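Several structures are given next for inspection.
Below are two complexes that have chain A in common, paired first with chain B and then with chain C.
This part shows the complex of A and B:
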């Protein structure tokens, strides 16, 4: 794998350099960017998007897309929030059950996404567009459109816990990146996901069940939405049926900026990590720079398009 | 191999002609560090059918790309009809009267045949609305002109078989008046009957004074249709001669640079055993129209060939055996015991491998490393508890690579970096890694150059000697006749004839193949 991984390293290095340049630029041009406080602020802000983007990487690698993660996040959160606020449960039990409930809800939704699109051979774009509405509706229905709050004190405290100035929730996200990297690059399962993204038919005719791997990719994405929902609740101390709107697009942006090909088969989760960092640094830096929210949104949009254009050229370089 | 067809009548046209219509002088082209063309000199007379041959990588594709304005040469001169010719775009090339029918199809599958033919200049009225009647009538005329009467111009191209699509491409190229028509391996997907049809069209063009550059891997076709032939090797013109002054052997020597064809012609001792490893009894797939289906026996160490025209159901049969498409009815016996395969996975587990017709779409993951392609069907033997062991995977690749004489940069290089022949060896390696008992081969040497072809033949024979049973589908009769112990001829999804090696002849095979056709159209 030497030649291949060298090239992959170079590709990732390009994204890393872009991130570094952004950091240098904002450090020099604004006063507060490189302060410990601001750094931990950025890390906290990118955590949720990063966790969602890890799952999105699996889905995009097999040539799929998941538009439902934002709605699923809300659905997972209100289910978990309901469990968490059951009276008379000890904090440990309540948090444990709520985590299971969040991940379980995500797994069920993700499984349905994968199974429906694989079994009927439907584009995942359409199936997850359906799920986007189903999960949002379900979240509103379950809560009667009300927000759930008053979670246990210690749970809320966990959300803003720091270790040496680094938010614990970000460390969790980093651990998930490490696990995903291991699965994608070291296991047979990961190899076949790349294979499916590159040439589904060749993988099928080599005796592998496409169904299993496609469903698994969407299910993993669902499980990660569950984890992201718990992080969201711990950070903001609420679970509301209207949270997470548009989160799927940020997750997709992180994956694409990170160099994963939208047509599948190419990309790494390390790239996704860097992609999420770029979005986070950009958002934070532009605020410090004194730009309006609207300007910020426009610039983020430009960066997404730029990333895809750069990727086109990178593709040519790796192909040569 | 009939030399008579390119008869004197045609040649006089070519020889009697005056100035050449197309002239290339010392054309050179580099891509980065690779020299693609290293001095090509070529001259085509008006009304001449000019064969262009050479192994894969000899520079044919680059030459065609230069002629049709996709690639610009680094140096050298090209003249078309006496004037300097430097096309900047394919549009320029067309405007100057040079048309190319490419190897890869450029048709739009969901548009109608007529729309495809007229795509560049759709007839429309004042409001930009397409004049459908005029377009359909024009397309009808174009198809009739090349004898494609059995195709309705309103059909979507999707409905046509690969051979008909090729002919529609030809019809489209002929829509505009052209001086030079380049056909890039037009017969690769055609059966002999369709090839005949194409050759009639070429004959007609020749008599109208259009020059045709005919690129082909098939030397017998070159002898049948061409007036002159040019051999390329490593980007250079080796020689260019009138067809009557050269021979089959000389052309092969020119292409390969050494006498490799001995291996191809060598007589083989059959290694077919008596033990039946696979039987089909009234086996049918969903497209098979006959209740009786297909019945056959394949023995250990045997190479059984399946001949037939395009559309006779050869590929479908292999795909159904492998359960790539679900079979409909009938029985498969594996080593005497009934077997039901519900997916390729189950067929593979029972010891069957399948080298598909379309290497790039179905056989390989081009963008992934060679090692990943070799191990694709046997991942469990290069992993533990779901963890890949790259060392084992590379060792497997290197071992099979040396067994098959694979020429490659290393296990981590992309499969796309290999030549056609070496790509095919990777596909073979993928199956050999599983130690199969049966190998299904669909067009095993399609798009493979002459030298690699000989090597693949030798490999296939060696597999058979070791006891592997092989079922080979091929449109090239010499290929089947070189390789097989026995040939079955298919027509309209059934077996219409069977020949033991002693009785092999192209004539007999074709007689069977066409008989079946006629019987079908009779009722």
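This part shows the complex of A and C:
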């Protein structure tokens, strides 16, 4: 057990060094990268992806995938937006109910993803592809394809609140990372998720219900989508049924760059945090560097592939 | 309860997806092919067309849309279904200005009156296919120039601006960018940077924040649609920069409060709700034996500012 966590620390350290090199590069090559304003911009920009990626880490650790998070984000947002704009509610009550509605919607969708794939033994790739369409369609249906806006002023202001130059929304994401880290590395539940990713059969033979853990992983991912939806609304002050298209791919990229294996069983949420940072630093730094949009997209692609190649080598070294 | 709602939503969308088979034999049938129904602009357009069909009452409207703006395969299938059903006219907002030329030629060969609106088909592709087709639609380039000039007037010569572009490769995105550039040249503005945010609020927010870091001296922003302008306004709020002026495009309802607060200087209304209805009128004239349509029939556009926002 001790050796294993040591290896995990080593894996994360590698990704941390890559992030550090990027930061050093952009600090030297661009004028504005290492300024307090830009740092807090980057932190704001990675927040939503980070929250989605935390949930995605749970799902990928058990060897699954969730393609529906972008659509679910829109569905959670429009449900919460509808609640938030109910007239004559006090701000406190409206925000509280909206948060419950967002998380509730995410939990239901996530539960269905997990339950359907576990009960019928279906690949989560297909089930969540279905949910991708269901959630998007539902978001469009409940809003009649319209954007919801005019949220309470204090809610809108909350999205750009700072504490010592750090965006509050990022602090929320960081707290979620801490909770996820604790759950995954310090609880029996967490260790069993790793176990399922490594050797499903062994976990089942040990007398554990695979169903419960699989459903739990997807439900957790769904709940996090609900939280991300609230953050989106606080940050941009709208809830539209067409938001979040392609967000699942960015979340998956953060998890993979963060060193979690797509086949499950290996990886940490700290890695995911670093992966999300790498994506955010690249997106920001390359604009400051003056690179064209198309080159920027290509480089992000190269980084994803590099991360997987490096992971192959790391796997060999740490396995030895 | 949640489950029940989800199920009823599903049932409802299935029910509305079923084709309407009942034709009134005497009335001409118009097949309306829309782009994404998943945004306010096309939604208004469809509602405008439905209201129009009810008001005129002398034709049958059958409308189809698609999942998103790049899903042109479902448009293709839609056109082919209309040909099979033998509609009298097809009125189409093409998802791709080249890919849709071939199926529309097939429709014309089958004797169907075709009217192209919203996004113009590619001239060269039309020539290659040997078809001559009129276009009913707004001048995206002209509209972008108009709103760009409003910004230029507010900033004065030498004003430093950035552009947020729509999807690379989309025709209206390219036209709007050209219009912005026209306004920049005419107003002698200084263009610092131009980047895509894929029509998206969140991406525009991130991309613009970073552009502002790179160029803190930005004075004006031209966003190719209002969704992106909303993201820019929010970024300016967060950065505490009320000195920077923003213009958008489309006049979606969510920007009305921003126009009133002065956070958005101006946007452009293309009267999407009338556009499809206008194109249907033109098509019905031809179906009734009127002369063939030619060239570019421009539809109304209007600059919307604090003074005339509703």
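In the analysis below, the second predicted complex is superposed on the first by the 320 of 320 C-alpha atoms of A that agree within 3 Å, B and C clash if a C-alpha of one lies under 4 Å from a C-alpha of the other, contacts with A are read in each partner's own complex, and residues count from 1 in each chain.
Rule of thumb we're sticking to: a residue touches a chain if its C-beta (ideal position, glycine included) is under 8 Å from a C-beta of that chain, and two chains touch if they have at least 3 such contacts.
Keep in mind that this is a model prediction, so the values were computed, not measured.
Upon superposition of the two complexes on chain A, no clash is found between chain B and chain C, which fit side by side. In the superposition on chain A, contact of A:203 is made with chain B only, not with chain C.
Ranking chain B and chain C by residues of chain A touched puts C first. With both structures placed on the common chain, the touch criterion links A:88 to neither chain B nor chain C. Of the two partner chains, chain C is the only one touched by A:146; chain B is not.
Once both complexes are placed on a shared chain A, the shortest Cα to Cα gap between chain B and chain C comes to 29 Å.
For the contact definition in use here, the chain B contact set and the chain C contact set of chain A share no residue. Chain A contributes residues 30, 32, 35, 37-38, 41, 44-45, 48, 104-105, 108, 134, 136-138, 140-142, 144-147, 149-150, 159-160, 232, 235-238, 240-243, 245, 283-284, 287-288, 290, 293-294 to its touches with chain C in the complex.
Chain B meets chain A in the complex at residues 32, 322, 324, 343-345, 347-349, 354, 356, 361-369, 371-372, 376-377, 379-380, 383, 386-388, 390, 409-410, 412-414, 416, 430.
Against chain A, in their complex, chain C makes its touches with residues 2-3, 6, 9-10, 12-13, 37-40, 43, 68, 168, 195-196, 200-202, 205-207, 209-211, 213-214, 216, 227, 230-231, 234, 237-239, 252-254, 257. Here chain A touches chain B in the complex through residues 1-5, 186-189, 191-192, 194-195, 198-199, 201-209, 265-266, 319-320, going by the rule given at the top.
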